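I've put the structures underneath this note.
Consider the two complexes below, in which chain A is the common component and chain B and chain C are the respective partners.
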Partner chain A sequence: MNVDTKLMQKKPTGSRMGKMSNETFITLFMIVMLILVFGIAALVVPNFYLPQNMLNLLANNWFIVIVGIGVTFLLVTGNFDMSVGGVIALTGVLSVYFCQGANVSQNVLANGLGLPYGVAVALALLCAMGVGGLNAFFVARLKVPSIIVTLGTAMLARGIAQVITQGAQRNTSLPDVFGFIGTMAIPATTIKISVLVMLILVFVAFIFEKKTVPGRRTYLIGANSEAARLSGVKVTRHLTSLFILSALLAGITGILLASEFKAGVSNRATGYEFDALVVALLGGVSINGGRGSVLGMFVGAIILSVVTSASTGLLLSPDWQFILKGSVTFIAILAQRFALEHRKV
Partner chain B sequence: MNSTSQKPTRVTPDRSRDVRATIKKYYIYVVLLFIVFVFSVVKLGEVEMFGRGHFLSPDSVVNMLRTAVPVLTLSGAFTLLMISGYIDLSVGSAMSLNAVVFALMILNGVPFLLAFPITLVLGVILGAINGYLVMKLRITPVIATLVTLLIFKGLALLIVPDGSSAIKSIPGKPMPEWINDYARHDVLLGLPMAFFVAVALIAVLVIVQRKTILGKYAAAVGGNRTAAELSGINAVKVVWFLYILVGVFAALAGMARASYMSLGDPLSGDNMELTCIIAVLLGGTAFSGGEGSVAKTMVGALIVISITTGLMTVIPAYWQTVAMGSVLLIAVVLNHLLVREPAK
Partner chain C sequence: MQPTENVLEIRDLVKDFPGVRAVNDVSFDIKRSTVHCLVGENGAGKSTLIKMLTGAYARTSGRILLNGEEYSPRSTRDARQRGISTLFQELNVVDQLTVEENLTLGLEDTTFGFLRKTDKINKMVSVMNSIEPSIKPRQQVSTLSVAQKQIVEIAKAVATESNIIIMDEPTAAISESEIARLFTLIRSLRENNVTVIYISHRLDEIFELGDYVTVMRDGKHIDTKPVSQVRDRSELIKMMIGKTVFEQYTPRAEEAKKTTLEVKHLSNHKLNDLSFDVHEGEIVGFYGLVGAGKTELARAIYGVDTYEGDIVFKGRKLQPSPDKAIAAGIALVPEERRSQGLFTILTIRANIPVMNMKKISRGGFIDAAQEKQVADEYVDKLRIATSSTEKEAAQLSGGNQQKVVLSKCLFADADLLMLDEPTRGVDVGAKSEIYAIIRQLSAEGKSILIFSSELPEIVNLCDTICLLYDGSMKAMMRNGPEIDSEKILHIVTGGE
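== the complex of A and B ==
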């Protein structure tokens, strides 16, 4: 359905000309929601409207946004990826382990493989993609529901991270270069490289999604995977690439986070898979319709950011964040459905 | 749609299929025996067979069964829900919330006989909320129950006072000691009340699944919802009821856990949904619903319990997660090989 309207937009004819796709409609709807939520927050929370705070709202969620890109694409095809949190932890720990000096200390947790940083990062990212490949094998080949598989690989990935760190973390005997990319700021600003990476990735993903053939095929698979297969789309291969992409993005996040803290912590990113899912849903990604966009997810991430930071500003206890995330998602799902149903009646 | 591989509807009996059906029927018992065997011989150098510290020593078995109560109860009801093709990821959070509420009531002097039914009612409400979101508002089960997972967990964390990790004795207000009576105190053969309650309820569930119309309806909805509805089954009611059933069993599991640990821990149910999924998949319930067995899920749950308990005696605790993840993936593969009809 969605794809149809999209195609028609490209060749505008007659009365359909200028009709927005549902996707754009929902994204705009969520932007309006964002402005509303922000307005309310600015009224109740002191100093919320300050430019510095607005910048923080954009920048502080960079890891969720990067991970959210992969999760969004998979969600568009009707699949979940709950392994991203585990992959972040695994890649972070592995990059530390590969990079730590070999045989430098009596302490097991201080000894690594002593590889150069670049090699360590490349290997860690490869391992992340391996987890993605495992997801893809189970979901695309064996046709096992993605929710079950990715919860399992999440445990596997986090479990390996725990084994390597003996349930704790590794943070000693690291070369100085390890801490660079995570903490470095763009010259003359306070914006971290990670935020820049996020912006670039969102931009690339946006172009991929709107303007490339594989990008559009993602939506076709989500709308009707059987029809996609019959019209010549290699569904298995496409899903495999998306799972590997999602794991790779989680891996990049893991590398950046490990570098920022100069440590590989096995419990890093617990619950990020929920957050990534929540921001995608807030941004209007639908699990059963091949609808959703990276831009929407980005808006969703800012909404979540506004809500959580407003609740901190109101001095709510951190325990509230679970309820807030849950209720905001729930309201967003219902609001989006309502808006779509009552569109142009 | 022929969803069971044992139905004698095939015209040409296929030998390899019969072999597969036999393997499918009995493999789970073999797996359980194998795991028990491995854990009972692995430390024979250090401990005596059936002696103190041995995997199969009476103390160890009793302890395993006592800690297994929440998993056994919960995965029983979970099986019925999965047979109908639906899933509830919020069971762990629901269990935690129930445990916290139960412990809070006991701490504030509510007698057991009052706290017990109140917690059950809470379980009904939590299950009904899930059922409403999935069946009435038609939100995808995974997403709806993820939302409630977050909300239930948040509520459980909110109830626990700031600066404390659980509902437990505070200066001037000790947790009554009889909170242990339900899930720790010896009633018969060293096993507590909660264990026998669990066994009785599981027996009821097995009968419900095999002999009653609800079990048949659940399988019919899981096999093909449209066909089931066309033949007059009210799928909304059936599945909604199953969600409530899972909620009630989550309440029972939560109370057993709170009573066993003498405190209400808001994180005690974390990952319970995964344990249930592992038990259910090992038990041979199809991912997509339509067929399955509560009794076999119990065997699956025993396998999970044996592995978690057994591993703790052999390797450090930080291996636990990777072990469970591997077990889940192995269960998925076994399930794929044995339960699914090969693609045509």
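== the complex of A and C ==
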């Protein structure tokens, strides 16, 4: 057999048209699901379709979307990050504590370190990244399952927040600048800075995962971490970066939420790690790693937002809201898996 | 029941999958108490045919007669009750259970849901003892070798009075001496009126063992005839791929070429003071039995496993880490393609460039058009059979998956390519294509290390042959007409 001629032959390459990938399929499927859920909500809830309400649907869940980015990336590598809720609380409380005036009151909860706001924020974010580093050390270096490690650090982070706030919150003797970023709107609109931050982060994350080499490595690790290592991917280093990134995003969320409420609350963001996980799964991210996208997660977050908003509109009590949210999530994920499995190959 | 001459008669059998006719109008007979070999390239339809016989797949149309009676099993359990057992490549034993528990698995006698000891167990144990006395009934299966696990399965088949046993590549993962024992066992099964349907890519085994051979190609039945009427290997290969393939080593002149790799006194948990040099354009083969240290040597050079001693590549000492080895110009085709080489849930396009992302990216951003072009180029160059580069690698056949892994390593532009079992589970056609690529690379001046437990592969391909036994280098020789396979087998099995 003559290889030389075979190696020379090149067919025109345009002929191999790819079919839609599974990921695109799921994202489209969930968009259809979103339209369906929205349609039902618009039928039963008065004024649901008004532009302002639709805008709110996009804006309401900004904090879940921001932490959802880090959670999605880690989920794609096959790892969980259950520490994001704890990190949000810790960072919020720390930003307040660092910023509160020093020795201004008899009340312990009113005294802080008296640092300038910028420094306080930077330090609080560093602490958040420290928690991420701790996660990375145990998961990437010592190979402890991520769900164990991050549940542990979640409690650790929230525990520290509780100690600093004595189990409650800190909200006094804060400079005015503290409340700006969380409450400010983009000039001439009602859109909060936080929502803008979310949109920018989603866009950047989308470019990162689809277009960049480190983004691709995230998928390689999730698809087969041993093959990734043997193909020259520095798996430990990459996972470390992602855990720190996820904690940083949770930290940013914590700063924004603390600013919005002008308070550092120790039980803030309880259960957000589950919401972030749910929106990622709704968006088609595989719990086994290797598949999923930030865009899908974003669609998932809007679905959750529609359901929450509709149940509020229907004046359901919060207890019933949980049941409705749970059922919709369950049905949506089942439908998605069913559709994927019965897709014609 | 009146015994018929044919234990199985397959008539106009068809199996359709969406878009593919995997088995296309196949008819042939299998005679009672014979070893009937089934050969064909990957994707020829052998596995699909077997799965219809064992009840794992339902047929699209056609008939199967078992002992002259209509046979259409609904499950593997059904098939076993009719006397057809299968020895799959991935053995059906449970590692955590004992041998005894495995023997009776699925056949337990129970009273109100509680297990009952019956003479069934004793019967199975005595069958197993007659085959292989060294296996203890109370031994945990995880402590057995692959060959011993096969024996447990065979014992189970025999004890449940199977009169047909299907074996799917039983010799793929066992050593030469174990193969000899397995063959003795198969011959004695035949004498005890058991029909064995035997699938293997190793054609020599067919001549050694088979009474009849059926060749399949592209889902069609090509021919069934007595093995004694097949002239030689190349006649079989011709039927399998429809054209003749020459596999023969042509000795090359020994020239003084630059040394690329120097391994000096390499030792670790498995390796024992190995030293050798590799030159530009040289193909060096490492041959030894399973456990001789071939994979461990490849992993040490690649920096996956730790070691003592020095490995110098292109004048520089190698740092022990795969990413550094790749950066230095070394690539490895690993032993286990699915777990170590391939990203099965990613597309072919995403698989090919992973070892050299720099080449398809600018400033960390992937050039999608270039990535696609590279994928198309390798699909053409290595003739990877796929409708699109957007297909997931999992959907390819074994041989094509291996070509994707090979593409990955070729795209790394390595000067030293290491291939660990490069053609395991790969069909004949793909095999000779892979060999041609290796020869081509060597002609371009690349150094190649091949780690293989298939002697013909080593002898057909390599300039230098290194024999490993228990982690030590027992001999290093130049390939040539005077090379003696018997002597090689003698050395790698521990002889002096």
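Note that the second predicted complex is superposed on the first by the 324 of 345 C-alpha atoms of A that agree within 3 Å, B and C clash if a C-alpha of one lies under 4 Å from a C-alpha of the other, contacts with A are read in each partner's own complex, and residues count from 1 in each chain.
The rule is short, and it goes like this: contacts are C-beta pairs under 8 Å (C-beta built on N, C-alpha and C of every residue); 3 or more make two chains touch, one makes a residue touch a chain.
As the structure is a computational prediction, the values presented were derived from the model and not from experiment.
Engineer: One more residue to check, A:S21. First (chain B), second (chain C), both or neither?
Structural biologist: After superposing on A, A:S21 lies in contact with chain C but is clear of chain B.
Engineer: Would you check which partner chain A:D319 touches, where first means chain B only, second means chain C only, and both and neither mean what they say?
Structural biologist: first
Engineer: Identify the partner contact of A:N224: answer first if only chain B is touched, second if only chain C is, both if each is, neither if none is.
Structural biologist: A:N224 contacts chain C only, not chain B.
Engineer: Please work out whether A:N107 is in contact with chain B alone, chain C alone, both, or neither, and reply first, second, both or neither.
Structural biologist: Neither: A:N107 stays clear of chain B and chain C.
Engineer: Where does A:T190 make contact in the superposed view: on chain B (first), on chain C (second), on both, or on neither?
Structural biologist: Once the two structures are laid over each other on A, A:T190 reaches no partner at all.
Engineer: For A:V233, decide between first (touching chain B), second (touching chain C), both and neither.
Structural biologist: A:V233 sits against chain C, while chain B stays out of touch.
Engineer: Determine where on chain A the residues touched by chain B overlap those touched by chain C, and list them.
Structural biologist: Shared contact residues on chain A (touching chain B in one complex, chain C in the other): none at all.
Engineer: Which residues of chain C touch chain A in their complex?
Structural biologist: 18-19, 245, 302, 304, 322-323, 325-327, 332, 334, 339-347, 349-350, 354-355, 357, 361, 364-366, 368, 372-373, 376-377, 379-381, 383, 387-390, 392, 395, 408, 432-433, 436-437, 439-440
Engineer: Which chain A residues qualify as touching chain B in the complex?
Structural biologist: Touching chain B: residues 80, 134, 138, 142, 144-145, 147-149, 151-160, 162-163, 165-167, 266, 274, 277, 281, 287-288, 317, 319-327, 329-330, 333-334 of chain A.
Engineer: Across the complex, what residues on chain B touch chain A?
Structural biologist: On the chain B side, the touching residues are 87, 89, 133, 137, 139-140, 142-143, 146-151, 153-155, 157-158, 160, 162, 274, 277, 281, 287-288, 316-326, 328-329, 332-333, 336.
Engineer: Quick one: in the complex, what on chain A touches chain C?
Structural biologist: 1, 3-4, 6-7, 9-11, 13, 16-19, 21-22, 211-214, 216, 219-220, 223-224, 226-234, 290-291, 344-345
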